[in-house]
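Below are structures written as structure tokens.
Across the two complexes that follow, chain A remains constant while its partner is chain B and subsequently chain C.
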Partner chain A sequence: MKLSAIRPILLLICKELAIASLLLLGVSFIVFIILFLSPGDPFSLLLKGQMASDTIGAGTREALGVPTAWYAQYLSWLSNILRGNFGTSIRTGLPVLSEVIRVGINTLYLTIGSMLVTLLLAVPIAILSARRGMTVFNWTSTIFTYIVSALPVFWFGYIVIYISMHQFGLFPLAFGSSSQKIGWLYFMPPVLVLGIGNGTISEVVRYLREEMERVFSEDYIRLARAKGASIWKHSLKEGFLIPITEIIASKIPFILGGAVVVEQVFNWPGMGRMAWQAAQDRDYPLIMGITIVAAIIVRLGSLIKSVVYIIVNPRASQE
Partner chain B sequence: MKRYSQYSTNVSDFSDVPFWKKAGTMDLVYVSYGIFIVILVIVSYILGAFNLLPFDPHEINIKLLMAPPKTAGHILGTDFMGRDILSRLIIGIQAYFLPGLLAIAIALVIGTCFGILAGYWGGGFDTAITYINNLLNSFPRLVLILLMVAAFKPDIYYIMVIVGITNVPVVASLIKGKIQFLKQKYFIEAATALGLKNRIIIFKHILWHNCRSVLIIQATLGMAEAILMETSLSYLGFGVQEPIPSWGNMVLSGANYFMQGKFWPSTAPALAILFTIMGFHLLGDGLNNILEMKRSK
Partner chain C sequence: MSIAPVLKIENLRTYFYSRSKEAFIRSVDGVNLEIDKGETLGIVGESGSGKSITALSTMGLISAEPGVIIGKIRLTTESVQKDLLQDLNNYVKINTSPGRIMEVYKDNSGWQKYTDRMMRGIRGKEISMIFQNPKVSLNPFITIGKQITESIMLNTPIKNRNEAKDRALYWLEQVKIDSPRLRYNNNPHGLSGGMCQRAMIAMALSSEPSLLVADEPTTGLDATIQSKIVSLLAELKSSVGVTAMLISHDINVIMELSDKVAVMYGGTVLEHGPAKDILTEGSLYKHPYTEALLASIPNEQHIREKGYLQAIKGDVLDTINIPEGCRFHARCNKITDRTREQCEHIEPDLKEVFPGHSVRCWLFVDS
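== the complex of A and B ==
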């Protein structure tokens, strides 16, 4: 492609990047406001039990250069965040960012794996029902997706643990025994549980089916069919690629939220379990770091969605 | 809450054919199951409110710990402290019923206001509201709530306020889309030309006649969302706390015995969650198919 063809696309991607960073700024502001309004800032927590009176505390505050006005506090907090300094966890005393990244990898395995499971279940159902119309298979699969979407994921987790313990002799609670030959098997139960039970399957099926039905009834697909050409090839971009990236990007927050519960059930040492622990201990810096990292992941997902949309559909840059 | 695609932009028609004659059989089955669940929930809530229960839900019976179903009048058995599970299930509805209604009310009211601002006046409002929607969508809801729990230790009502606020974007974007579609129609233009006040156009012609069904559908889906949130949080130990029963913490307290093969104390509330959430989902989707998509058979 020539540069003149790529340039509008690049411009659009830059615009998306600008929007994403603006949104992340808003995210940081909301998180700061919540922490600012919460009773007892980390500073007073630091001073608790060490300073006898408030006046000495205020003096220390000034001496340490902690600003009192909220916007000054926000700016200094934000500049710390931008330099990657998320503070240290109150409970463990370790730096938050490296802790979150360390466990975030586990959550990434879990969410990507479960997303694949969701798609492996939802895509065939959507394709079959979009192609065949309303058949018996279609109705049973629709009912199935409804039941699965309403399944409380924690209880489903217990069933899977019970079955894998009693039928297959697997102990999924023994995380980290991946050095064994069948180590990957221990990863399967949580991934399956989150993939099936994250409550998004019925929506994914519904959305994909509607989009496919819409594309299948377009004129160019009729023409392709009349010519005897492959309709899959022609409908792949609009009927499959765009809807799938769109639905994945919009479901990332739900899957991350479900990960909190599933990690709790399976003792999976990920971000969700850390968030639970932090909420239990009221460990502000840690939960703040997790929230911001989660928001970054969500924004990254929707950035990828926009880029895919722009690349697949270059008309978008002409508008 | 769910986001429906462009299908839900129809002007309501005032034809004489009642909607249930035009609806598909399956949608009617969905809706009747959903209505059955809603009635069941409301009746159980009233029973619980007037204390018309088979047993006292807080009464500890040491002689009947973990009794299987149908022993000594306990239809669903007893839990690890010998408390009657059925009574606790009925009382457990109180954990989400009023908080859920609060979440729905917040989502609908604020979402409708935002939707009207963005759809009817557009311009700067539209940009601002799109930004707010994207901002709220950036947070995984459970993580945001955990942040709130760490910061404020809120009770279930405050948590439901947050759930309601995070549901605002869905309602706002639906109402916005609907209004932007309706604004091109002649009857709105005629109403403007006749000199009707904006207030009347918005509340009567747009909201009452054309957005009623959208709001009802979003209310049912919002209830499903609220139940899911309440049970998940109670399961995690942040929502309703132990002596007060909630379906979420009942699953949690039964979980220790699950691995020993004693399934019923956690399975009964889990099935209650499953069937209730499914009922609200089916009701919302069925109503959506019948009222909004006008799928004719």
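== the complex of A and C ==
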């Protein structure tokens, strides 16, 4: 790639970094305020019944060096973050960053796998119905995608567990409980459930079909047909690559949200379950750490979308 | 024995079914045309007269459904002799109750597949097409050089990428794009409309087709660019020697480039013959519509003589409810008492008034 092609991408990344840092500041502040305002704190929850009196609790607080004013708490957290220190979990005492990364990998497997499942189902339906019109098969499959998108993911997850595991004993039940050889089997149910049930499948079908139909009716596709060229080749960029990165990037928050539920249901040791547990414990440093990582992932998605758009579309890179 | 014409369109009818009106829109309604090797046929007429639909029917690019294409389009070239519409109507079923079309069933995907199979090796290779609005007709995501190279590799014996690139540069030079090597790597949005049109012409010619279909090649360009494109086409016509179907509503363009002319109105050909007979004013046999078209050209002479521009009164024919009689009679100012009865009730035939020159008008039929 030539330098002239890389320059706009570098510019974009710089811009994106500036926006992302402001955004992270805002997100962390809002989450902190919500935590502060919600009833209970780590001391009252974790140490409940273990303290003889309130004064001893206050003493512990002082001994740990926790500021009392909310803004002082936030600022001390922020200054630690800027030095790369995410703090330690109040419940486990382990460093937040390494913990989040450890379980984040599991969540990454789950979300990427489920995204692939969504695309594997949605893309063929979208392509077929864009190209061949709404035949009986395409109607049925489109309606099917709308129905599965409307299923609540926790309910769907329990049904899958009940049928596949209890009735037929198809999959190993718990993470790491089976031999290493068939360990990947454990991945199947949660990945499938999140892929089908996260509610994005019908939107991927609809968006991709609309975009493809629009591109198929463009004048340049008619010219491609007139010269005997493949219309797939000519519509690939605008009709497929751009819409698919767009829809994936915009659905990342939904998939992460779905992952919280699916990880609970399937007892999957991921970021979602950890976030759930941390919220129960009011484990402030952990919640904040997970929030920051999730926000970074979402921004990363939109950054990838913009980069793909610039690489694919020569017009965008010259603006 | 005379050589068969490259393209012979016989009784072509392209209808679109309108569900709301429960009737066919008869965009092209019985067109007969012939294009001999090396000649340029100009098709002229107002918007909505069926010119472009005729061209798109020839290319098999009619995609709006539900449509019906009936007739024969015979293509005769060195390597291909066939009727492009053969068996196409097996994919369409029409339900009629007395006097009225109730419903049209069309196996659209089957129809599309069949056309694509039928046109394989013909689109691009035997017939190339130039469209209007070059800026949106070229793929905005691919450099023009690559688009031309693609066409060369698909449609000519050249299969080597480097050779094809050299050939593409040769054609870019032929259409007089300045610094072709630079332009080769440009995307369409980096070029002006005129340059895009030159690139599209280069692409169409690069496959060395037996027939070139140019659908409004100058529409959507600035007036100065238009005249440059016309003179480029005229030059290429003599240097490359193409056989072409040229469609335009601009009589000046047609005059400049065609050997024969067909005047279309309301889906049929009203007049057909050598360009010099039809497009010179004051020739003896001329359809009143052609005469009115010629009088409406904005040129110096007309303005000096009349002080205003002559427009044709009335609107373009409604092709759903085609009136009986001559299609043009409602707007015709040449109807005489002798012919009035016939003009209003019976459609005239295309009658040869001079060798090679036919007119569809009762004025030239001796009663």
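Quick note on the criterion: the second predicted complex is superposed on the first by the 253 of 319 C-alpha atoms of A that agree within 3 Å, B and C clash if a C-alpha of one lies under 4 Å from a C-alpha of the other, contacts with A are read in each partner's own complex, and residues count from 1 in each chain.
To be clear about the criterion, a residue touches a chain if its C-beta (ideal position, glycine included) is under 8 Å from a C-beta of that chain, and two chains touch if they have at least 3 such contacts.
As the structure is a prediction and not an experimental result, all values here were calculated from the model.
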Chain C versus chain B on the shared chain A, clash or fit after superposition: fit
Contacts of A:Ser79 with chain B and chain C, given as first, second, both or neither: neither
Partner with the higher number of touched chain A residues, chain C or chain B: B
Which of chain B and chain C A:Gly257 touches, first, second, both or neither: first
Which of chain B and chain C A:Lys237 touches, first, second, both or neither: second
Partner chain(s) touched by A:Ile161 [first = chain B, second = chain C, both, neither]: first
First, second, both or neither for A:Ser21, with chain B first and chain C second: neither
Chain B versus chain C as contact partner of A:Ser202, first or second or both or neither: first
Which superposed partner A:Thr140 touches (first chain B, second chain C, both, neither): neither
Chain B versus chain C as contact partner of A:Asp219, first or second or both or neither: second
Least C-alpha distance (whole Å) that remains between chain C and chain B when both complexes are overlaid: 8
Contact residues of chain A, present in both the chain B and the chain C interface: none
Touch list for chain A against partner chain B, complex: 19, 22-24, 26-27, 30-31, 34-35, 37-39, 139, 146-147, 149-155, 158, 161-162, 165, 199, 202-203, 206-207, 210-211, 250, 252-254, 256-258, 260-261, 264, 272, 275-276, 278-284, 287-288, 290-291, 294-295, 298-299
Touch list for chain C against partner chain A, complex: 59, 61, 63, 108-109, 119-125, 128-129, 131, 133, 136-142, 150-151, 154-155, 187, 189-190, 200, 203-204, 207
Complex contacts: residues of chain A adjacent to chain C: 131-133, 135, 217-220, 222-229, 234, 237-238, 312-315, 318
Chain B residues touching chain A - in the complex, by the definition given at the top: 2-3, 5, 7, 26, 131, 134-135, 137-144, 146-153, 224, 228, 231-232, 235-238, 251-252, 255, 258-259, 266-267, 270, 273-275, 277-278, 281-282, 285
